[in-house]
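In the two assemblies presented below, chain A is common to both, partnered first by chain B and then by chain C.
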Partner chain A sequence: MIEYLLILYNKMKSLKNIQYLFLALSILTISCSTDDDSSENLSGENNLTMEFDNSVNGDDLILNTTAYTNSNGERITINRFNYIVSNFVLIDSEGNEFTYPKDESYFVISEEAGLNEVQLTNIPAGEYVALRFGVGVDQEKYLQGAEGQGDFLQTAESTNMLWSWLTGYKFLNFEGSFTTAANIEAQDFKIHMGSHGSSLDNYKEFTVDLPTKALVSSNLSPIVHFKVDANQILDGQNKILLSEKSVVMIDEVKSPQIATNAAAMFSVDHIHNGENHDH
Partner chain B sequence: MICGLAFLQGCSSNDDSAYIAIDENLEVAIPVNFPEINYDLGSNPITKNGFELGKKLFYDGKLSANGFISCGFCHEQRTAFTHHGHQFSHGIDDLEGTRNTPAIQNLAFQTEFSWDGATSHLDLFPIIPITNEVEMGETLSGVLAKLKADAEYQRLFASAFEDAEINNENFLKALAQFMVMMISSNSKYDKYVRNEDNIEFSALEKEGFAIFESKCASCHKTDLFTDNSFRNNGLPPYPGLNDIGRAAVSGSLSDNYKFKIPSLRNVALTAPYMHDGRFGSLESVLNFYNSGVIDSETLDPQLKQNSRLGIALSTEEQEALIAFLNTLTDNEYITDSRFAEY
Partner chain C sequence: MNILPILALQNIKNIEMKKFIYIQLIFAFSLSTFASEENTNSLYFDSNPFYKYTYEDCDFCGCGSSGGGMGYGTVGNENFIGLRYIYQSYKSRDGIFNNSPWVDENFNTLQLWGKIPVTKKLSLTAIVPYHFHNREFINNTTQRIDGLGDISILAFYSVITPVPDGLFENQQSKYKHSLELGGGIKIPTGDYNRSNNAGSVNPSFQVGTGSYDYVAALNYSVGYKNWGLGFMTNYTFKTENKDEYHFGDQFTYGVNLSKVYNTVKIDKIIPFIGLAGEVFNENESYGLPVADTQGSVIFTRIGTELSLGKLSTGVNFMLPLTQNLNSGNVEANYRLGLHLNYTL
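Coming up: the complex of A and B.
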């Protein structure tokens, strides 16, 4: 190893090419992280970045332009796709859990506002194999009143995620227009899902497995690339027909079904391990 | 830096306008005849400066889009903080809401707020009127921007909160501190049940109290005179409004036309009555319970017992009940200078 680096060093000196230095460093990195009991060697802490790549049934989600046909026989155009993700827990290969500080664990993802990235900071070193999180804001947080909400109230207000007639958050704000075979005239739809006061809690948590380990250490900060399938909202486990009801905000039956569907939107497409944030 | 700040404060203490009063905790005196407090004082301890800031905010039109509609615009102290004489409350640009302003009193003891329980936390309640387009028509961000630009508020927030920040947490906490302190517990009724000041009920008031306990107190429970529940009391839906009440919050058909049981404290002052302010007098309210209740799927079962709708109340009983309801008026509360605008 050392000899190899010396050779490289000499080569670099002779060629005066800075790129060799990076090559040498990356070899060093790879040789560390490919070690069998590498988790023993990961130390320190670092960021873990999550990229929420919004899509519709495998296609890019493009606001206001593309019409997507779902299995309910409805063609929808999406004008707004915003949601809250929260309460992140990282699970490592041995089943240990790291819970991100609750007060800092609420984020709005908004296609229209270009909010697609969440950075978790000071994550302890480890080999993470799964993430658990929720869509929306749990009752425990809401019932902490002014103290619990912090500045998140304004984040939610400025991203159309705050209800005003019903105080509380919209967990999901999904709007657009749709047509059916029977009705080719485009009609608006609005899906606002959140908890119903003290009556019905629509906050749902779920675990998403990572296709490869996400490695965190003092010099490794991974990017977890989520694929988020907006098609699930109407066309998931529960079939929600817009032709039946095109504005769903507070509905004892449909809102919990939409919450269940939204919890299934998330899968991790790939992980970028390393120190470089470009991908 | 710290020395510098101390020096600045030392200098400015000679100047009234920049004087920062030393903060102190305010005790929330819980009346002995009340149930337990619901508000978590630990998360928002009441201080003198926090309370005074909350009061200033309560009476400040800056909280609305046009700068004129304060909380106190609809919540007037002399009528137990209701909008007297208005069936539906007026808001910005003279737009009208669809509901009647409820009284503000003893909120720290309650678990659900607004007629339909749109929030179950007092701190978060002000968001509703502030952002409602027919009430104050503002945004939280808009309010905070105005407060941040105001030198006096900068000073007041710094005097009330350790971090000195003008943010929504401190803004809502200050308003809550003011509202938590708004306790009405010194009516003739309170003094009678607490055996204070040798207060006695007249024969008619006693009779009314007995009728109240047998016919009204199952919903207007405890000395708060509400059980915090939502019920359909059998009002025919108001033509053209069709306000479904609690169902708008819960999404449940079984909650159609249910509204929060209001407290009856200071009820003699808070006309008009009902969530839509349709009745102008207590006599009309009692007449309605006696003979105006209509049946529907969600009518409260207590209002259809023994194959009769409503609550049987003879003229004499109604007269006695009204005498009793008048004992719930708390003149100390409606004249308490701690809560007064001027």
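Coming up: the complex of A and C.
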């Protein structure tokens, strides 16, 4: 580059022509607009980490502290926010799907226990554009019986995500207190949503698009940063009034509505592409 | 009169202190105006009042080869070598939520800079920065990075050179103007650390971009009597670094109004006010756009220069007028620059 400038200077000296300066500038411009397209061939396999960042209505969720008023006119303080995410499927830019091994595809996210991260291992290289997964445990898994659950049964029990084996898993355990304009005395609420054995199936799957591609290769291990909005549970597509019913467990009307709402809690805020060894 | 101790400036966090500095600068400005009134028509009268911006390298995003958008200008003394200190105060959001905490970021840069003549029309400009940045997280841990930054070398060609005034009246002109075009390169001599780009906080917390970046610059100034109006603009084409991170291109522009006063004790006092703007393109990581990395900011600027014999010194303060950096996740608080130059 310095040589360019010296050559340029000599030319200018002899010709006194500033056109050379423009020439030099265009050389600089051309030399820096090299290949931007980094769609190099990705190969090998690596981890894909998902971070579930819990929030309420755009604010960070802080248990027992954050109080907010939802559009139902109820002021809510959240004391517990646990849920099960499962059956992950990664979809690449060409529409190919990679299904994560089913037996390893069940995770509890718990704000109180500090469980916010899920690591999927041995993901084949690719440019992933979307993730499909579910909230809760599907009937197929449940019908494998207690032995078929592996370690997950223990995890669910220790994180308050199990009623009893016969009743089944709580897919969502959302608790706290609330006040209304009519009743300013704080009252507890409990939203425990699940499938209740095999009689009522509330397991729901959905697809979440990624804002940028998540790149996986032998040296690229992305982090998918989810923004999870707890406000959706009561104040989503279906409006669930706590003043109508403050403890919702086995409810043929409200539980499926809550399941639908919960499926809409998830969006991806951003992706960290890179090696991400030290995350 | 207006050179504040550097140490005191390092960690100015509260607004009171900022106000103090601003008042100090206004004071210096008015004092210099006052001090010169009686001497403006003496034989020290200098009719070359250009306040020149040879190269204004701002650089907040991509960490600054020189830092601060403080202007690369000295008055009259075309060629110099000097030392400049730049302090930039930012805050950036640590997290993705509306109530996520803000992190205070202090960007300090000490740089060796100079403009060396090659011929009458051509000069070389070089900036060698040393950065020492820090930021304090909400859990009271402090992250520090320091080290040599990215060195810039630019060549400037004078397209229009103002004719010096002669002794006789017909050899003097009221209006003068100058135009310089330049181009150069920023070399990745500073360390780039990809992990500093991984979080939700300011991706520009680096001492180097890790990339070879190319600069095109244009400076135009016009002078009338002892007033000067300077326009400068430059565009930095940034390239992808070896870690496959690509800082967005950067466009910088500024305008300054200055006036030269000559006194008996101090050769020249040149207060100035102006605006300085910066526009940043989106960064890319592995060829994919990184959300919330573009933005722009416009600063108001006030400062003054003093020259005494071969030495000149200046102070320069910038407050944002309007800004939208990183989708509001980064906010520039203010910038301060001090320099001491020796005329070659």
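Quick note on the criterion: the second predicted complex is superposed on the first by the 232 of 279 C-alpha atoms of A that agree within 3 Å, B and C clash if a C-alpha of one lies under 4 Å from a C-alpha of the other, contacts with A are read in each partner's own complex, and residues count from 1 in each chain.
Everything that follows uses one rule, which is that a residue touches a chain if its C-beta (ideal position, glycine included) is under 8 Å from a C-beta of that chain, and two chains touch if they have at least 3 such contacts.
This one's a predicted model, so the numbers in the text were calculated from it and none came from an experiment.
S.K.: A:Thr65 in the overlay: touching chain B, chain C, both, or neither? Say first, second, both or neither.
M.R.: So A:Thr65 meets neither chain B nor chain C here.
S.K.: Mind working out whether A:Leu162 is in touch with chain B, chain C, both or neither, as first, second, both or neither?
M.R.: Touch status of A:Leu162: first partner only.
S.K.: Quick one: classify A:Gly150 as touching chain B (first), chain C (second), both or neither.
M.R.: first
S.K.: Touch check for A:Ser255: first (chain B), second (chain C), both, or neither?
M.R.: Touch status of A:Ser255: first partner only.
S.K.: Just checking: does A:Asp53 make contact with chain B only, chain C only, both, or neither of them? Give me first, second, both or neither.
M.R.: It touches chain C, and chain B stays clear.
S.K.: Tell me which partner touches more residues of chain A in the superposed arrangement, chain B or chain C.
M.R.: C
S.K.: Quick check on my understanding: which residues of chain A belong to both its chain B contact set and its chain C contact set?
M.R.: Residues common to the chain A contacts of chain C and of chain B do not exist here, since the sets are disjoint.
S.K.: Which positions of chain A touch chain B when the two form their complex?
M.R.: Going by the criterion above, the answer is residues 142-147, 149-151, 153-154, 157-158, 162, 164-168, 196-200, 250-252, 255.
S.K.: Could you pull out which chain C residues touch chain A in their complex?
M.R.: 95-100, 118-119, 121-122, 124, 153, 155, 157, 159, 181, 183-185, 194-195, 198, 200, 212-216, 237-240, 244, 246, 284-292
S.K.: Show me the residue ranges of chain A that touch chain C in the complex, using the header's touch definition.
M.R.: 1-2, 5, 8-9, 12-13, 18, 21-22, 24-25, 28-29, 31-34, 36-39, 53, 55, 58-60, 211-213, 215, 220, 223, 225, 227, 269-270, 272-276, 278-279
S.K.: Taking the touch rule as given, give the residues of chain B at its contact with chain A in the complex, in rising order.
M.R.: Contact set of chain B toward chain A: 40, 43-44, 111-112, 116-125, 127-128, 131-132, 139-141, 144, 167-173, 176, 246, 248-253, 255.
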